[in-house]
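Each of the two complexes below includes chain A, the first together with chain B, the second together with chain C.
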Partner chain A sequence: MDIPIILTGTLAGSALLLPALDIAIGTKTNRTFSAYFTSFVMAISLALVLLSATSVIPLGESAAPKLLQNDFMGLVFAIIVLSVALMVSLSSIDYMRDEPNTSIYYSLLLFTSLGMILLSFAADLLMVFVAWELMGIPTFILVGYRKKDPNSNEAAVKFFLLGALSTGVLLYGISILFGLTGSTNLAAVAAELSTLDASMMPMLAFGVILAIAGLGLKLSIVPFHMWIPDAYEGAPTTVSTLLSAGTKKAGFVAAIRILAVAFPLLKLDLTMALAVIALATMTLGNLAALTQKSMTRLLAYSSIAQAGYMMIGLAVLPSNLGLTGLLYHSFNHALMQGVAFLAAAMISSRFSKASLEPYEGLSRSMPLTSFSLTIALLGLAGMPPLSGFWSKFILFTAAVDGNLTWLAFAGLLNSALSLGYYGLIVKRMYVDEPSSTQKVHEPVGFALLLLAASMVVIITGIYPAPIYDLTQKAVLAFVP
Partner chain B sequence: MVDYLISIIIFLPITAGLLTYPISKASKRGARLFALAVALIELCLGLYAYSDILSKGTGAQYNFVEGPVAWIPGFKGIDYYVGIDGLSGPLVLISALLTVLVIVSSKDLISKNQGAYYSLALLFEGFMMGAYTSLNMVLFYVFWDIVLLPMFFLIGIWGGPRRKYAAIKFLLFTFTAGVFILLAFISIYILVPGNTFNIPELVGKIPLTLQPLLALLFFIGFGIKLPAVPFHSWLPDAQVEAPAPISVLLAGLFKTGSYGFIRFSLVLLPNASAEFGWAYIAFGIVTMFYGAIVAMRQKDIKKMIALTSISHMGFVLVGAFSGTVAGISGAIFEMFTHAASIGVMFMLSGYLYELRGTNDIAVIKGLKFTSPRFATLLVLGSMAAMGIPLFSSFLAKYLVILGAIQVNLIYAVIVIIPVIIVAYLLWMIRRTIMTQPESTAKHHDIGTIPTLALMIYFIPLIATLVVPWLLLGMTDPLAEALVKMLPAR
Partner chain C sequence: MEPLFNYFFVSLLLFAIGVYGLISKRNALRLLFAVEIIINAATLNFVAFSRYLPTPSASGQVFVVFAIAFAAAEAAAGLAIILVAFRLNKDVDIRELRRLRG
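Moving on to the complex of A and B:
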């Protein structure tokens, strides 16, 4: 079955129809129509992708094989981005309840998901670019969704300016690759590059570096990370979840597809450059997170640090193991970071403050949320046997295998460092006494959603084989 | 059932731990009795495994082996693979015994939120059993690291006034220890031909050039857990802030450090262990002296015990790396007796706090008159911690000293350590027991059940002194096998 085309139809159709449907069906008393509709669409899409990944529905040839490639790599990332989108739309039912124009919000959410799906399956540089923009532009608006909130506005402007810059840089890189090879199709580019004249090698390196720099903005790697904390803090936290857990992963799939083509041909040592970026990203992210006073900023920096671990997979690129680890960690990180951000969203909206203070003694007033958040944070820190441990373990093994033992050691030390702030949040929730006697209500639906996601973290940690096999299959199908 | 004995030993307490909390919502007493029943079954299973190995004399090999079964089939080498030998057998047995006693005593010493408490205690036991019996390095690491979580919550929620600081410090130190261990494991997996994490398959396979670096990684990682000076600073905080029953369990946790030294440093890296044996022994001696000397000037009885415990751990290091049968047997023996003797002392400090509301040696007076039962137990416990020949802790220290002297006469310096320990514990006894109580003090002693529970700690200590074969029958075959593996000196 042609998954990308079907999803394009479903998501684009619902995104376009939703505002009209909302006017026709949704009433003033029933403002949650769009939310349920969107969640339904996401759930159907996710079910379709999951069925395809477990081979219940065979994955056929694409109707547009030059543009979209139906492969397991795309499926894995489709699972990741759709799970995140589903979590975001479900949690928005509660979080965005009092906001105006929610049908637009959900419509934009659907458009972003469409962009992420197309990016996951893209087989052509122009498709990468179109999908990149389709994913990016709705998020600029979503970040500035609270138009009366100056923080939200500032975040949107910052995000937009840097986003526009990165788009330009990416396009420049793509144009150089096109100029060198006369094609934008990735397979054709690869074929052309293998016969490339050696004197053109610096040009190719320049093009690839520009493309990575363009993608790097969404990947939140150092030195393109500056916008992250401000944007994540200013945006509605559900949108931050989407950015951190969703669009970042879509950026990684684009990076994998471009680098996998260019990497074997490059004569210069990109490994060391990527390894240094990985080291800088995780260390800076973790060090900065240690001192944060606001939960969303803390998670934003932690998200940067996690991107650093994933960069290990790119640094050792010809290695299948590293790529498997990268895919695996993308999946785990999306889930855990999603839970952490959404829990933070709920807590900050309940207490109307984003600081760390409400977390003191939270386990008493919000037991389910505290438990889910604890699992997510410990998973992010890499505590075994949660699923985050396995993917980090595979990444570090790949690093040692690729003669980057120092990088594995740095990554492991960073894990211990990250426990410094993850552990402090857990300590606040379970060990500290509540600072205020303010009674809070734990929204049951929201808490159960978080609990379900954290259960996935636990279960896939104890029984990691299915997801590992799926990611390994995706990598083996991708790298011949 | 015997086929799955170890899996039951590991997963019975874990499953029960997950059930205890829901049960406590219905009945607190029910949860306590349930936890106690599970701990008793666990003890029986441990005794069965132990006596079976002892009677067959197969301490040198792995018994009741299960696996290897692939955990992640796509990733070669990560297996579920468990077994018990002469090193893990005594540790499994003593941990099971201590858990039973801890649950019995917790009735008096823990008041708030008992359901969650018993739940965590059982989870802790299960994870410890997992760490002791794993024969796959990844499986070991998983249990070795996850065991920190129940302990973190036990210290953080039920601990003393500085519990918040102590709990997070404990978590960070011990999690960091794992960093070094995991790097060593991954390096072994990648660099040793065969790509496996299974310990039995790796014995004798690790190239000589790799051994020193791995030895260093293991030394830092297990040294933090042991804890060896200079990585010990988390321990007094954690031990003092933890409630007394948890201190007993925590004393069990460092055994995973000394266990790691023998299971990984000694078994997998025999050449590095022989070559750098002097360095391990030097650190062991420093640890011993540091613990004993700093303990001498403590005002708080619990801190004094914690430091005595550090000092005892030095004996394990010296014994294990002396590379002699007596030394290695003595090291395992010391781990066993340390669990019982330090365990009873910690528990006594908890009861002392219940009786007097303080653990300050200078304030407590005249226990002999107000609490005769307690005073008797405290004297006995101190004697066990000193290594007086009434208890087998004497035998353990004797064996270690014997092993050390066989290597080099200079190491005989460690015979001073028991003398220092005797000195300050006797001084503590003189001040708290042999003094006149304040005139207002009333007769106030511990109950019959706690007294009986505390007496049980002495049973293994006396039994193994009267019939040392009970323990040496397990450890000697293993020690002999290990010594054969070490390169000739």
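Moving on to the complex of A and C:
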């Protein structure tokens, strides 16, 4: 079966159907209909992708092989983004309950998911650009979804201007790659570049650097990270989850596909440049997170730091191990960051404030949420029995293999540093005395979702083989 | 090769103007224009390359059609957001947007 094409039909069809149903039969009166419908569509798509990843359903040939490449790399990222999208749509049932126009919200959510999936499978720079925009434009609106809320609007203005800039810069980079090769198909670009005249090398470097900068604005790597904390704090927290755990991962797959083409041909030392970016990203993210007073801001900076760890995989790129680590960490990070952000969303909506005060003694008033959040935070810090440890271990090993031992050391030190703020939250929840002992209502569905996702973090930590095998299969199929 | 070089020079100039606008201007609408100029610099590149390369290729022109359509969609979304910002703040100066600070 042609998974990307089927998902295009399913997701785009549902996204168009939702607002139409809203007008035709007035589902406005039944606010949760769109939420359940979207979650259902996401669950079916995720099941389809998972069945295909476990080879129950054959992946099949692409109907448009020059645009979409049906490979395991795309499948791994499709699993990641669809799990995140499913988590977001399920949690929005509770979180967005009092917002108007929910059908539009879920419709945009479906369009963004479709953009992320197409980006995962893209084999042509044209498809990369189209999917990039399909993923980006709905998120501009989603960030500013609470249009009466000045914070949400401010986040949207900043996010939009930086997002539009990233599109422009990426497009300029692509135009130079096209000019050098006369083609937009990634395989053809790679073939043409291998015979490129040496005098054109500075042009190629210019184009690749612009493309990295365009992608980097979404990947939240230093020095393009400034908008991240503002956008994540102002946006509805479910949308921040989507941005941090979903669109960022889709950006990484685009970066892998573009860099894998250009990397072996560049005569300049891009490894060192990317390694320095990785170091700056993780250090700055972790240091800034230490001083934050708001939970969403703290998680935003921690998400920047995690992007730094993933950049290690790009810095050692010709290495299979680094790429495996990058895919593996993308999967783990999406789950853990998703749980952490959604738990923060639930807590901030219950206490109507995003500061760290409600976390004091939270384990007594919201035990299930506190437990899931603890698992997610410890996993993000890289505690050994949890899945976050294994992927970081692989990334650091890849750095040592690639003669970047200092980067592996810096990563280890950064992991220790990150325990400073992750541990502080856990201490607040479990050790500190609560200001009031009043029991807080935890919505059952939401709490179960968080518990289920944190169970996946624990289980894949104790038994990492299936995910590791899948990512390795994806990398081996991608690198000939 | 000569005309291609001229087109590329103009496109680089447009790119530089866009970057200058982004750095120096503080009005959200001007920033949006600056970004649009960068996108148009890229589309000019595509058209010039697809016409003047040693092996002319139509895929550059196809790309331009997509780029124009998406830039328009993006501008529509962006103008809507900036319009809401104007209603809330009576101003579109991004220096005044400093509610979110940490």
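Some notes on this structure:
Here is the rule we go by: the second predicted complex is superposed on the first by the 470 of 480 C-alpha atoms of A that agree within 3 Å, B and C clash if a C-alpha of one lies under 4 Å from a C-alpha of the other, contacts with A are read in each partner's own complex, and residues count from 1 in each chain.
To be clear about the criterion, a contact is a pair of C-beta atoms (placed from the backbone, for glycine too) under 8 Å apart; a residue touches a chain by one contact, two chains touch by 3 or more.
Source: prediction; values computed, not measured.
More residues of chain A lie in contact with C than with the other chain of the pair chain B and chain C.
Within the superposed three-chain model, A:378 lies in touch with chain B and out of touch with chain C [touch as defined at top]. When both complexes are overlaid on chain A, the residue A:31 reaches neither chain B nor chain C. In the overlay built on the shared chain, the residue A:257 is in contact with neither chain B nor chain C. Of the two partner chains, chain C is the only one that A:297 touches; chain B does not reach it. Contacts from chain A toward chain C in the complex involve residues 125-126, 129-130, 133, 136-137, 140-141, 144, 147-148, 150-151, 153-158, 160-161, 164-165, 167-169, 171-172, 174-176, 178-179, 182-184, 229-230, 233-234, 292-294, 297. Residues 378, 381, 383-385, 389-390, 393-394, 396-397, 400-401, 405, 408-409, 412-413, 415-416, 419-420, 423-424, 426-427, 430-432, 464-465, 468-469, 472 of chain A are the ones touching chain B in the complex. Residue ranges of chain C in contact with chain A, taken from their complex: 8, 11, 15, 18, 22, 28, 31-32, 35-36, 38-39, 41-43, 45-46, 49-50, 53-55, 57, 59-60, 62-63, 66-67, 70-71, 73-74, 77-78, 80-82, 84-85, 88-89, 94, 97, 99-100, 102. The part of chain B that touches chain A in the complex is made up of residues 71-75, 138, 141-142, 145-146, 149, 152-153, 156-157, 163-164, 167-168, 171-172, 175-176, 178-179, 182-183, 186-187, 189-191.
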